[in-house]
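See structure below.
Letters A, B, C and D mark the chains as written, and numbering starts fresh at 1 in each.
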């Protein structure tokens, strides 16, 4: 994990990226799983920087879709989707700081783990929705329940299996004044559905309010770019993250670092605005911390910037823009 | 006011659109002006259907910008803009009902009423913003303070005066689970900045939660379509509305009625999605209440539908789609 | 027609807005109706500034849809829609000039004039299209044939008639190098579907190439804002326009003037870009010709600008932004 | 090249993907480099399926920007950018067929090859443009001239070099009726700026008109996702492609195949429409040629689809959607 020792989390974190303590959030400890990002809920846990937390996450439907004959619209109670673990209060976190979350592992939960994907009306990238409101009739509702193992991944059918490439679909801090649905991604993180938020990555999240109020949930066993029909392979997990705090590092939107690259995340509509937001923030980061002139960074990213489409289905679309560490090097 | 007697409010309201009681919300009675739409705040008033409420509204800056040499970014504390009156709890309102608000009058408040408009960075329809994030430098900050009278309107300069055409910029009910900034327009109303929300109109707002929790504020003395630079002629007012409740009329997004037309309101990005949402809802309304086949309504609106651009500057753009009463007649 | 004497066309046109000659383009004189905007087609007519031209226009389907049992997809040969009259070569027109077109009249053509509107797959504002490509099934194809008279308008059914409010759906000049389908609106005009392009208005079109190459067609007997299903009341007409030439007045996109207002036209996707383009050009016009500072114009239009949605169905959406003459006065 | 033997080009091409003849298009043979995609230009070459063509391409500025002190707006003559080689008439090609282009190699041209990138007003992803028209002042114009070698790539500065990863920025066939600027990407290909159009890939292009009329040019030595400032590392090359013809395989938009994946390409605004178009076409391809049910393909791509952002700067944005061959296997 040598790259990690050079990470921003390790270099600037209050706990220097180290594990000082371990905690759990079991289903019982969580109790009610919140559906909104807000500092108005009592924390389920208070941790110091340097704490590893293992959380029992629910799938996006809180397990309510159990078999392929279930009818989503009869079972689900919109907008109560995407149950979250948390909030986790990070001691010492103040507005203007940044919470760093190193994702240690995600493993499927339950004796015979199954994933769930569905097609439901008014949701998805290639159907009319509440936002893109058209008159044509919805597609039929479909539920797929799929066996998952860490070794063999998700078994789609006899010919096709998808590798187990888990990530956290929804992670973020509480907005300062608002309370936002866990279906929405925005400046504080939330439902980004960005596959890079995976084991081995550090996510940086802006602290808007004392304690930060970290939430996470909605883990996916596999997902393509864009999460096209709106529902990846949703599954319950044990997700283990190490939490640190970077004082006086003020970021406007989520950032991410792994062994290969630095990434900024934009969530907006239309999609070009998500891309613009991600790229502008990456330029500003390169200027603030990596010694680039803004115009030079703009021109360089033209030649080597990378774009990852997170979701094209949520109330805001999410785009990650990144630059390889091998190109821009390490900050001071 | 004969058209009003045929309005949906008069025909279906619990109080039949009548005034049964009058109340006030003075500055003192309001106390703190909320900046979010939520049922999590104690109501400032509880009213029965048939109550007229006169509210002392603040301007969008809560009066903080007092002279033309003020610098908005030094004074304003984003996102604490658009202070609201309310919430008003409407007795008997339950999820699935609709609150009807007839706007009786809006008058400028204060001994020498002045309006305020400003240009500030990262806000406006023709500049880079947080959402449309670009690299070019912002325009200079500008503050204009303008005299307003009901009779002569807003005096722009010696040559130009704009008639006093006041309306409520921000009005809506509380979301079911979320708490949303009063800068945002959405399905529950909010910061629509739609000039048709003016004296003589009835606004219909969906009830998401018991009591509805009605908010209003951000009155404008004049505004063009789109509210181009993001700040209309903001001014403090006494705004008087009559509130009624329509039981078991479930609407998905705000609607509006005046002597001439029926209107639906869509708020979304990109702007075509706001227009799609407004028009689809208008078609569904015509089908549900006016005897049209959906396809026939779709074709007819192609020939006579009208579009009003509310804002092109807020986190979601707002479009009103309407059809003349003279064309589609009155529902039974 | 006193306002016209003060119009830009009358004040700056080579022919001072006057009629010096009259010409026709009958069906026989037109011969083949072009489907593209290009200077690569031989002009059907060469005129001096000051010429009135009466053109026999076809409907958008070149009359191919004759009865309500016709099936559009069996009859139409996409992209050969929107047949145009022209091109008309304007003597003396050079790149950097502007052609002014005063619309004298539009009258239905044929002994028993009928209008046509249709719903067809992959076309319209509330259905999946080639551009907004979704998976849901198209609506059924529908054809409506409707009687039209100048006096009584379009008879929709026994209850509903729409006033005859004709306008030119598609008008423009040839691009400099390209040849663009008459289904597309853009900087040179084209398929704007903007109801303000009506009798009594002057349209100003940029000259990109020697002679300008003016095209027009696709007249509508009625249309709502946005042309929602994609097909207004299409009808054949005799359309009469007076053509003048303004030397050395270089405009970037179409403009329009009538007795009430000055308008600029933007065509783009997403729709906010059409609105931005129209408003920016209006600001530049106010700065160049009406003595405004750009920032002042930006703030003033925030308070009194008006937006007209032309189409929300064509390959680019069209928005007109306007300001009342009563507010900004007349240029010297 | 075993994967190639299983490619669609090799299995279905008239020449079975083989080289039967070789030709050149030198600068002298090309003569004038066209700036539009059209069948209205005389072919520079007529080839049978199975022909390899080596073309001397110009950079996007036709070499006009020669040193870093040049000022683009003084030198360039918009819209005469992106000079193309061609058109190449493919014998036997008819509407409804597909031209297959296997990209054999791209090498820098000239004794001391240099690449060019610039920042110019009204062009780029993070600045106001003609389409996204704002009022803020443009960035300063900047020209960078950079040494390129195949081995060491593009030398950005003493610390940073970018590997030589060349691709064809602009490639396509002639539209049926239109003549479109080589700055625009669309259903026939054109200015897609998609880095996957690289040596080792096969591009499939729809034939709209007899002979197909193949154009190509605008090669880049390196480019990031989105081509952020609008100008990649532009350089003159010798580009060598093998051309085949697939009869009676009708595709609506460009497709691409390499050893790893099948890709469809969407070009549209807003960006979500480009992504929708690419993904819908990929689903239809999987249904038509790979035995999938459409709904099943939609759900599977949700879990494993991949998105590549080509450009976020051209008149239409370009997105490639792909699926790994290892997942969906090979068509019969």
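Rule of thumb we're sticking to: contacts are C-beta pairs under 8 Å (C-beta built on N, C-alpha and C of every residue); 3 or more make two chains touch, one makes a residue touch a chain.
Keep in mind it's a predicted model, so treat the numbers as computed, not measured.
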Chain located farthest away, centre of subunit C as origin (C-alpha): A
A-D or C-D - the one linked by more C-beta pairs in contact: A-D
Centroid spacing, where centroids are CA-atom means, of subunit C and subunit D in whole angstrom: 34
Distance between chain centroids, defined by C-alpha means - subunit A, subunit C (Å): 48
CA centroid of subunit A to CA centroid of subunit D, Å: 34
Residue list for subunit B, restricted to those that touch at least two other chains: 126, 132-135, 139, 269-270, 276, 279-280, 283, 298
Pairwise touch network: line, ring, star, complete, or other: complete
Touching residues on subunit B, where the partner in the complex is subunit C: 117, 119, 124-126, 139-140, 142, 144, 154, 156, 159-160, 162, 222-233, 269-272, 275-276, 279-280, 283, 295, 298-307, 309, 312, 317, 327-329
Sites on subunit B touched by subunit D in the complex: 126-128, 132-139, 270
Subunit A residues touching subunit B - in the complex, by the definition given at the top: 35-36, 38, 40, 79-80, 130-135, 176-181, 187, 266, 268-270, 273, 276-277, 279-281, 283, 294, 298
